[in-house]
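The two complexes that follow have chain A in common; it is paired with chain B in the first and with chain C in the second.
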Partner chain A sequence: MKQVEVLIIGAGPAGLSAADILLEAGASVAIVDRSDRVGGQLTKQTHMFFGSQAHYASKRGIDILTILFDKIKHHPNLHMFTNTTVAGLYPDKVVACVQESRYFTLQAKAIIVATGASEKSLPFENNDLPGVYAAGAVQTLMNVYGVKPGDKVLMVGSGNIGLIVTYQLMQAGVIVPMLVEAAETISGYLVHASKIKRLGVDLRMRTSVKRALGTKHVEGAQIWQLDEQWQGIPGTEETIPVDTICLAVGLSPLTELLQQIGAEVTYINELGGHVPRLNDRFETTVDGVFACGDVAGIEEASSAMIAGTIAGLEAALKRGYKIENVAERRASLHASLATLRSGPHAAKIRKGHEKLGVKS
Partner chain B sequence: MDHMNPKDIIICRCSDVTLFDLFELFEQGYRSFEELKRIKRVGMGPCQANTCGKMVQWEIAKYFKIPLEEALFHNLRPFTLGIKLKHIKEGSDT
Partner chain C sequence: MRIHQHPILSFDKRKTLNFTYNGQTLEGFEGDTIASALHAQGIKMLSESIHLKRPRGFYCAIGNCASCNMVVNGEPNVRTCITPLEEGMEVRLQEGKGHIR
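This part shows the complex of A and B:
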């Protein structure tokens, strides 16, 4: 069995940031990612980021990816395993990997789990009809492969993903007549919502999909209004002629590997689902197993990069490497994270952390 | 106009489990993901409950009027995806 020093699972913003500081400290790093493209969600984020210059503001996600990966890709102590899925994680830090039809095992001294999240789905009639997509899939089709998912799309969900994908669909010449949201207000940034509203998208609050219409493919969507208990109100149905229904109804942390290795997880609705219990060094309840990014609670790429750097720094220290000005660096990273989590849109994250009993 | 028909709502696309199937099991008293999984194979397909898991949890909470946190999830074990025994054997030999 091949021995590796620090194994990072997931080459998204969190995993790449962790790798950077570990390599800088002198550690040997292996990154495993199930995609053949490095970058996780950054590969499809063609929009510009918000925030301060320190957080790559006004840069596009795909360009941030280039910056992150260019810094480390030729490092002699970096071993990349792309197109490789971690199939199992065992308490002795043995990692079962699958690369197409090749099965192999690695053993690590420390592991950083940065697996990200998966998309949530929604129960409505005919929700298995071709033409019903998750928003991330639509973004991958359009921004990674240049494929239009349909000609006329109903967007479901007004978080930032729903709002941004609506705008990107329209940029690609796709018609988005309407966006429905189950809550009373828009849940993403108002600036994104205003942009699509100006372009004529009908934004309907307290509304959801009742059924997808069509036999072989989506030919329309029936929507209905929701009452205070989130139940559909019979008699309020409307038919919207679309060929695609795009679900942007939230993300859920991919903690299955953490659960396999025995790390304690707790269900926190505000953070998207089951999240690991972490100490202030971002280490799980399993010694030497760290977690960062969306797998530790749904946020966004800017905080994933900082959390990844913190996890990488702590893993390096744990392995006995020296990091210059470590106290100041640690303090400034935690301060950056606190700043990103201080706005009104991060209220949910703060509430989730409070339930979990950790500082935001 | 009526309510939604649970027979037309797919919860687990890997194993073709509908909301109606879940309701039937709830009526029989099954109320944890682990039980539903053992009887209906919900969450045992290629996605390993990554798509259906949250919907099942939500439906359990709604049906039994309990908080989401109390809707018990299933145990997660290796592997996260299907692997041929042949490939495990080949990989273990090297």
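This part shows the complex of A and C:
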């Protein structure tokens, strides 16, 4: 079995940032990612980032990715395993990997889990028909592979992802006649909402999908209005002629591997689902296993990068490496994270952390 | 279904790859996954649900949900949304849970 020093699962912004500081400290790092492209969610983000100036605001996600990866990609102590899925994680830090049809195991001294999140679905009749796609999947298809998901799309969900993907669909020449949202108000940033509204998208609040129409693939969507309890109101149905229904209804952390290795997780609705219990060094309840980024609670790439740096720094210290001005660096990283989580849009994250019993 | 004009991205001409889907020859491009190449040709149904045989397309496109599992070069349960397309690949719709050769 091949031995590696620090193994990072996931090459998104969190995993890449952790690798950077570990390599700088002198550690040897292996990164495993199931995609053949490095970057996680960043690979498809063609929009300018929101967030703080110090953390790449107004740069495009795809460009941030290039900056992050260019810094480390030629480092002699970095071993990349792309197109490789981690299928199992065992208490003696044995990691089972599948690369195409090849199976192999690695053993690590420390592990950083940065697996990100998966998109949620929504219960309605025929929600399994081809043409009902998650928003991130639509974004991947368009922005990574240059393929349109369909010709006419109904967007479901008005968080930033729903709003941004609506705009990106229109950039790709796809028609988005309508966006429906179950809540009373837009949940993402108003600047994004105004932009698509100006372009003619009908934004319907308190509205959801009742069923998808079609037998082989989506041929339309039946929507209806919702009452105060978010129940559909019979008699308010409307049929919208679309060939795609795009669901932007939230993400949930991919904690399965952490659960498998025995790390304690708790269900926190505000953070997207089951999240690991972490100490202030971002270590889970399993010694030497760290977690950072969306897998520890759904947030943003900006916070994922800082959290990744913290996890990497702590893993390096644990492995006995020296980091210059460590106290200052640690304090400034935690301060940046706190700043990112201080705005009104981070209220949910703060509440989630409060429930989990940690400082935001 | 390919995007030809885009204000930010450019999709340069890439090498054409030939593959088959249920015996029919199709074209995709280098850099495609199997699922993106099929979708570009308007093929949205990638699998069938195991019990009710309902049509399924991709859902997550990041290798997480198994909704895109197909038989590739005889091997079942290949997640076509993250598997790069290769010249000469034989792609088929999968029956049930798939049969190992």
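In this text, the second predicted complex is superposed on the first by the 360 of 360 C-alpha atoms of A that agree within 3 Å, B and C clash if a C-alpha of one lies under 4 Å from a C-alpha of the other, contacts with A are read in each partner's own complex, and residues count from 1 in each chain.
Assume a contact is a pair of C-beta atoms (placed from the backbone, for glycine too) under 8 Å apart; a residue touches a chain by one contact, two chains touch by 3 or more.
The structure displayed is predicted, hence computed values, not measured ones.
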Based on the superposed arrangement, let me know which partner A:Gly146 touches: chain B (first), chain C (second), both, or neither? second
When the two structures are overlaid on chain A, which partner does A:Asp128 contact: first (chain B), second (chain C), both, or neither? both
Report for A:Val86: first if it touches chain B alone, second if chain C alone, otherwise both or neither. first
One more residue to check, A:Lys216. First (chain B), second (chain C), both or neither? second
For A:Glu237, using the defined touch cut-off, is the partner it touches chain B, chain C, both, or neither? Pick first, second, both or neither. first
Quick check on the superposed pair: does A:Arg341 touch chain B, chain C, both, or neither? Answer first, second, both or neither. neither
Touching partner for A:Ala96 - first (chain B), second (chain C), both, neither: first
For A:Leu254, decide between first (touching chain B), second (touching chain C), both and neither. both
Partner chain in contact with A:Gly136 - chain B first, chain C second, else both or neither: second
Considering only the contact definition stated at the top, list the common interface residues of chain A for chain B and chain C. 85, 101, 118-119, 121, 128, 254
Within their complex, chain C touches chain A through residues 1-9, 11, 31-33, 36, 39-40, 44-46, 49, 54-65, 75, 81-84
Which positions of chain A touch chain B when the two form their complex? 85-90, 96, 98, 101-105, 118-128, 210-211, 232, 234-235, 237, 252, 254, 256-257, 259-260, 267, 269, 273-274
Counting only contacts in the complex, chain A reaches chain C at residues 34-36, 46, 60, 83, 85, 100-101, 118-119, 121, 128-134, 136-138, 140-150, 171-173, 216-217, 254
Chain A touches which residues of chain B in the complex? 1-5, 8-11, 13, 19, 48, 50-55, 59, 68-69, 73, 75-81, 83-84, 87-88, 90-92, 94
